[in-house]
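Both complexes shown next keep subunit A, but they swap its partner, so subunit B is in the first and subunit C is in the second.
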Partner chain A sequence: MNSNPRDNEVTMNLDRRSFIKCAAALSAVTAAGSIFPGISFADWKRQEGASGMITWKKAPCRFCGTGCGLLIGVSGDRAVAVKGDPNSSVNKGLCCVKGYHSVQALYGADRITTAKVKRNGKMVEVPIQEALDIVAAKIKETIGEHGKNAVAIYGSGQWTIPDGYVASKLFKGCLGTNNVEANARLCMASAVTGFMTSFGLDEPMGCYEDIDHANVFITWGNNMAEMHPVLFSRMLSNRKLRKDVEIIDFATRSTRSSQAADKSILFRPQTDLAVANAICYEIIRNNWVNWDFVNKNVSFHKGKTNIGYGLEDNFQFTDKEEPLTFEQYKTFLEDYSPEKVEKLSGVSARDIKYMAALYGDPAKKVTSFWCMGMNQHSRGTWINNLVYNIHLLVGKISTPGNSPFSLTGQPSACGTVREVGTLTHALPHGAVANPEDRALAEKIWDLPEGSIDPKPTYHTVEMFRALDRGDIRFIWIQVTNPMVTMPKLTRYRDGAKKEGRFIVVSDVYPTPTTDVADVILPAAMWIEKEGMFGNSERRTQHFEEIVPPQGEAMSDTWQIIEVARRLGFEKQFPWAKEDYIGKIWEEYRRFHDNPKHNMAPYTVLKERPGVQWPFVNGKETRWRYNPEYDPACDKGRDFHFYGQNDNRAWIWARPYEPAAESPDKEYNFWLDTGRVIEHWHTGSMTMRIPVLYNAVPSSYVEIHPDDAADLGVVNGEMVKIISRRGSVTMPASILGRGVPPRGQVFVPFFDERYLINEVTLDSFCPISKQPDYKKCAVKLEKA
Partner chain B sequence: MRPSGKTIGTWGPVLAAVCFLGLGTLQITTAQAATAMIFDQGGEVLYKQYDSTPDNYLATGSGGRNLNSYYALRQYPGSPPRIPHPVEESFSTAPVNCLACHAKGGYSAEYQNFIPVTPHPEKELCTQCHVPLKETKSRFPENRWESINPPKLGRSMLGGSPPPIPHSLQMRENCIACHTGPAAVAEIQIGHAARGNCRQCHVPMVQTEPMKVYIRK
Partner chain C sequence: MPIFSYLAMPIEGAKEALAEELKALSFCEVLPADNVDLLVLVTDAPDEKAQQDLLEQLQKIPSLQSLSMTFGCSDELQPER
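After this line comes the complex of A and B, so read on.
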């Protein structure tokens, strides 16, 4: 079968004569019995003049944050096959459905291969150099008229490290605006603030090898069977091989991961905060505390409470830390006895005690995994802190198999957003508010002192609010699709469409975001350019340009360089096209020149499937804060949490607080949004991969069978989901892959034909500013 | 959940069905079709069976069954196979007895072969769907029935990529049951059940259903 949309026209134009011919062909076929009905992959167009030989080249996968090592099969100038890289310790030769078919996403029929500019309300093709002229001129004009903080760049955890680095250098350094954000704000900002508040340094202490050592896996709101399948199957095979392994799925709905787990425990949305505290309560009540570890390595703290939800424009929040004694912390936990929490959370006291006993059993190594369930949470920072609390109380951290493990959703959310610091408050090293960090950046970037603004501007939600208000007039969006992913989407789409806004979008396919663009720049995709991604376990992975970019497509890095030079920053962007990635990497590496964060040299990255940082004296660091593995630790101690000033990890007293919006009499359902294994994010790539599109060709709303019966809908019938923001009508899925409890519905957000984010709420964690996509109130109608 | 896509023109449905057979490229389905996920809920059976089946058993193949003998028991690909051995009458009232052998498999001394494992042991009224045919020497009544050819194997989308699952998942979600073990049909026995999360790599794409093309509106 082929994927050419023009085939439609063929069918539509079939007249009666063709039909008869067709029927004749059919009977001939039936008689011969030689062709079966079904997909004939033999119908793919064959590469002309191909030798039949395949060259294999390494690249990290384009999709999730697991960061599987792939080998890309190349024939001529085209990618034709994929296999798992057996040399990659991440996936050991295995991929998932998305990875195996990833290269097909390069060849969708509607790839953007030329630049387009809006003229008289219509998008017209122009040479890319002309489009870049327009972008540069518009930046200059906007700054002249509205000031430097009226221009912004909004990137992505799918940016390569050089992409994000040059974006930060141009906007924060040269232009002096902190209007640099990335969609990773929507996906792991709470993980960052969780790490920063608990440990003072970002990113996990452990690595995927923990999976081969742990006896207990507890997944917190994390459907790994679909979202991190390669790590999940590694868990399963460990359970099968070692026998002393169990998996506990702690979630708000029943998923494929629940089916595989030894125990599935469901909690009511938002009450994970209370359950985590109840687990700590039980650990202390039973004296399972690892006192030796706690006395040497932990200090206790509290912050502000009733911290709000960020629903109003210009919302501000700064947390205030106060030290606590252990006794005060213990008193704080008194509100969280399992019996009390049972009423709130719907989790039986028995199950809470069971989980606490697993964490508390000194003979068991415990790894906790989480991702969006804990991060896309109006108290995302808190729930991250609370799970660290559990691990810290029992001292199960920074040793093989004992690991609180925050997974990421994008291939370079860690590498490009967290490490390069493409968020408004951050720099490649440290924060804009910190004079030494600014001085270091100005020195490396060869900029005069004072070039970098010490004041952060807008986090992502506020950035799009500023665009709506008119405080931001120009925004350049790269490698992301906010017109599908922003919560409370209608406001931000209307804002982007307003007069006097100039939207530049660099992308590879038309999306609802290119629909609102004034300039569309064709981007080189993934292996059409050289770059690096950084995955969830601090692993940096390099890939070269394996196939040439299509048409006039240009790497996002080079687009920014071209614009920077047009703005007069040749000195800061001097590189040649032949070796700019290597040069940029070596410049960037200077920011992390210390044993806590040293990155591998370019030459090493090119040789290996991936290298973990800190990379010190030619060695990767697998477990941080443990002197046995981490050279940054002081010798002579069991652990050294060197990120915080007191050289300890911090336990935080964080209470339960409700979500911004909970179901009531009128809007009586929880709405949860998420993903399926076949599709990635907004589907702009995976929907164009035939096998993935056919497996799940449409989004749907999962409804509990009893709720569906009350509503009078059967599988596939249309349901209208209505919130105070908007509504969407989509097919019901009853007893499908996932089953929510009564009173909850779940919608995968990949399908731009059903914009569920017109329904969601833009509440966010006041500390991380990451929106809560998992909780808002809706009502349902049969459509 | 059946696709609710609109087909084009009066001839659309006929053409869609008919042309597809001969000229695969002519099929079109509009993009709005919902996914057929109703039979996507039995993962637990698979995971349990994976976990409880010893590695060496997973990897063993006896070659005792092959696709020819497999399809010979089926009226069409996907139909419930008839029971190829004598069944005592009493079995129809005590269906669970089938599971004595077919739940876990193993070697049958009586039939000198390995016993196929059912992918749906939770369904206990076996004879509801599986017909115990008495041995007979006469032919069935003549019938002009024509079957379709079974799905072809190994139809990967890319060279070397894991082939999609060519059959519906209805009653057949437990991959381990049919694709591993000594009774597995030789041609579809897999040698890499190591990680147990089959659909991590294999996407369901029913070969007898038209292939959809994503077209952005």
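After this line comes the complex of A and C, so read on.
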């Protein structure tokens, strides 16, 4: 027996440490086995007997939209370790640097654990029940004084599915306002409108398994090595295993993805529209068209042109579709010969023809990936359409390895925002403008007919404009940080601070958004609550409450339920705390009760690392629109694009049009904004994780070395970036991990000390209403 | 006291060299695969600073093509920002 308790502690720590090292090695060996079947490690000796020290529970990663399956190691009430879940087909045991440090984000020193309310200009702590009373009273008061459309909720692609579902039910159903939006409007709305206009239904037809079949990967403005690193690793592993795999990075700046790619092709901002059309021109000119596929499955269309940029308040746009013949489409493409497009885009005609040949080669399976580069684009819907055009012309779609694949940025942008429909125009099934969709929602929600307003109100940019104007007086912001992320930020921050506005913020850490709050509600974070996320490949992933919430922190779902009951909607929100997530899921599932979108039952979700929809007769659907895999297709045909009324996929004639603002003599640089691998969005979580913070402790501006020399700036010196909206001064990064071409700069937006969105422009795609964070004009000064 | 594990891929034909270079670093244990050009690396740095230094050293190894993380464990308290 050990007489010194400290010795016991040391022994226990050594045992625990030894066990954790063993678990770490086991995790790597298991992951290796998933990726390289048959791999052996003769020196590997598995240790047994210490399994009681840490218990492991499954959860999806709470950062990007990949949806990696994790196993969370728990010791006592604390999450202490993370390993990739080898049973998850998404990541097969791997994860990225953010995922492996994710549990540390739970334990920042300044975690919000109590509610706060502004009194006499100061935030004071109050019991959470009192804060919820105030929130409910303020909603009632605001509706009484200013009408139902003066209250709004603004959520997130990091909302769980139940979070978004109850938000929609309360605001759209019970309160009768369509003032429901989510930050996913800022990251994937163009993907939605791209899918809807080309296929009539949202979300990808393929799945990550495409990576294991494709011979060619073309990434369109998509730095996957940093933004979707696990999928990028899977591409690299395939290239190592199969030898006939090629990666083309098509982008506006050189990144880690460019370095790992077989070929890097740079284009001038906004000209991806022209290059995509030029690829189609070449496919037709060389007769690489898959005529059998096109004749059976495709129709041709055009829409309006010169469609504007949404810069003015209350901007309205409705597209008008007109049918085209193939010959008319071919004539439209005559403006886009590779030689003409070379002058506009800076991409050589040779490189355009090279990419066209890859798409056109019938022996190659091609997968295109994209994310923010194409979606945060003033013609975001169009560029999505144009990449679909390429795949449709050559018939490379909906079969293993042939996939135009729109990736999402957030863990549940698909699950919560797109599928639940937490956008102003949408419902859990369909649109508010559609009487049948409204009737279904009113029936499931047990509401009187006519409760749901048929008219959409404000998309995100217009919602914050309405707050500034005073049309919205109350806004509840959950799981997002708009006072860092809104473009042309100064206007919207000043608007939020105006007299007569009431801002409620539910979050886990103080942010610039909690700085403008009248009420702060402490939120339970990720594995401190039960929930579901939906990832980029139509996969729904359940997680249970693995560790208890801290202090008075409460799930966003339960916060909304508490307020709904205070507003008199007990009938619509009857659930008990013990089982409310399962009950909400089963109610929500009724909206998708059809073979095109059926979701897995709660019991199935609990058992598996994730389940893809449509989930029909106990089977997941990996490739939609292909009768071999998709039970919603008519049998007896090779493909069935059942989303559109003509049962075909639509090719759109969409022209090149310039960005809302381009460099000129005074503002002579393009500004592009984005992310880095170490930090998640605005950094409110990852900047509190020591390893990630130390790896990239501050934001910076990437400048081409020749431009830096012209400015007289060396690495680390301060540069002032000035636009017509504002300025920010930050350190220069020259020949760092990313290198823009001359005349362009790039700034990551994760650092709240350098608010780059005070500089950006709030132009948006008129169809998707998604802002273009990738293009505006700035000038630079040495500070 | 962070513990991590990784899959380490060597550049073409450099598996032995990579194993030796990794073994030469402090806080590293290496487990080579028998039949694939791949190594398992387990790191056991005493603190976050040592972990950061180790990561920087790993990034400089010429025979290393890529590192994919498979496990992470750290229960240190968060420092003041």
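Things worth noting here:
Keep in mind that, in the parts below, the second predicted complex is superposed on the first by the 731 of 783 C-alpha atoms of A that agree within 3 Å, B and C clash if a C-alpha of one lies under 4 Å from a C-alpha of the other, contacts with A are read in each partner's own complex, and residues count from 1 in each chain.
Quick note on the criterion: contacts are C-beta pairs under 8 Å (C-beta built on N, C-alpha and C of every residue); 3 or more make two chains touch, one makes a residue touch a chain.
None of the values given here were measured: they were computed from a predicted structure.
In the superposition on chain A, A:78 makes contact with subunit C only, not with subunit B.
In the superposition on chain A, contact of A:101 is made with both subunit B and subunit C.
Shared-chain residue A:739: touches subunit B; no touch with subunit C.
Once chain A of one complex is fitted onto chain A of the other, the partner contacts of A:715 are limited to subunit B, with no touch recorded for subunit C.
By the touch criterion defined above, A:239 reaches subunit B but does not reach subunit C. When both complexes are overlaid on chain A, the residue A:405 reaches neither subunit B nor subunit C. Of the two partner chains, subunit C is the only one that A:93 touches; subunit B does not reach it. Set side by side, subunit B and subunit C differ in how many residues of subunit A they touch, and the one touching more is B.
Of the two partner chains, neither subunit B nor subunit C is touched by A:652. Within the superposed three-chain model, A:693 lies in touch with subunit B and with subunit C [touch as defined at top]. Shared contact residues of subunit A, touching subunit B in one structure and subunit C in the other: 23, 25, 28-30, 35-36, 38-41, 43, 73, 80-83, 94-97, 100-101, 104, 233, 236, 240, 687-688, 690-691, 693-695. The residues of subunit A lying in touch with subunit B in their complex are 1-5, 7-8, 10-12, 14, 16, 19, 22-23, 25-26, 28-30, 33, 35-41, 43, 54, 73, 80-83, 94-97, 100-101, 103-104, 110, 225, 229-230, 232-234, 236-237, 239-240, 256, 259-260, 509-510, 677-678, 687-688, 690-698, 700, 715-716, 731, 733-737, 739, 752-753.
Subunit B contributes residues 1-4, 8-9, 11-12, 14-16, 18-28, 31-35, 37-38, 40-44, 47, 50-51, 55, 146, 148-152, 155-162, 164, 166, 194-197, 199-205, 207-209, 211-217 to its touches with subunit A in the complex. Taken in their complex, subunit C has these residues touching subunit A: 1-7, 9, 29, 31-36, 38, 40-42, 44, 48, 51-52, 55, 66, 68-81. Listing the residues of subunit A that touch subunit C in their complex gives 17, 20-21, 23-25, 27-32, 35-36, 38-44, 73, 75, 78, 80-84, 93-97, 99-101, 104, 107-109, 233, 236, 240, 687-691, 693-695.
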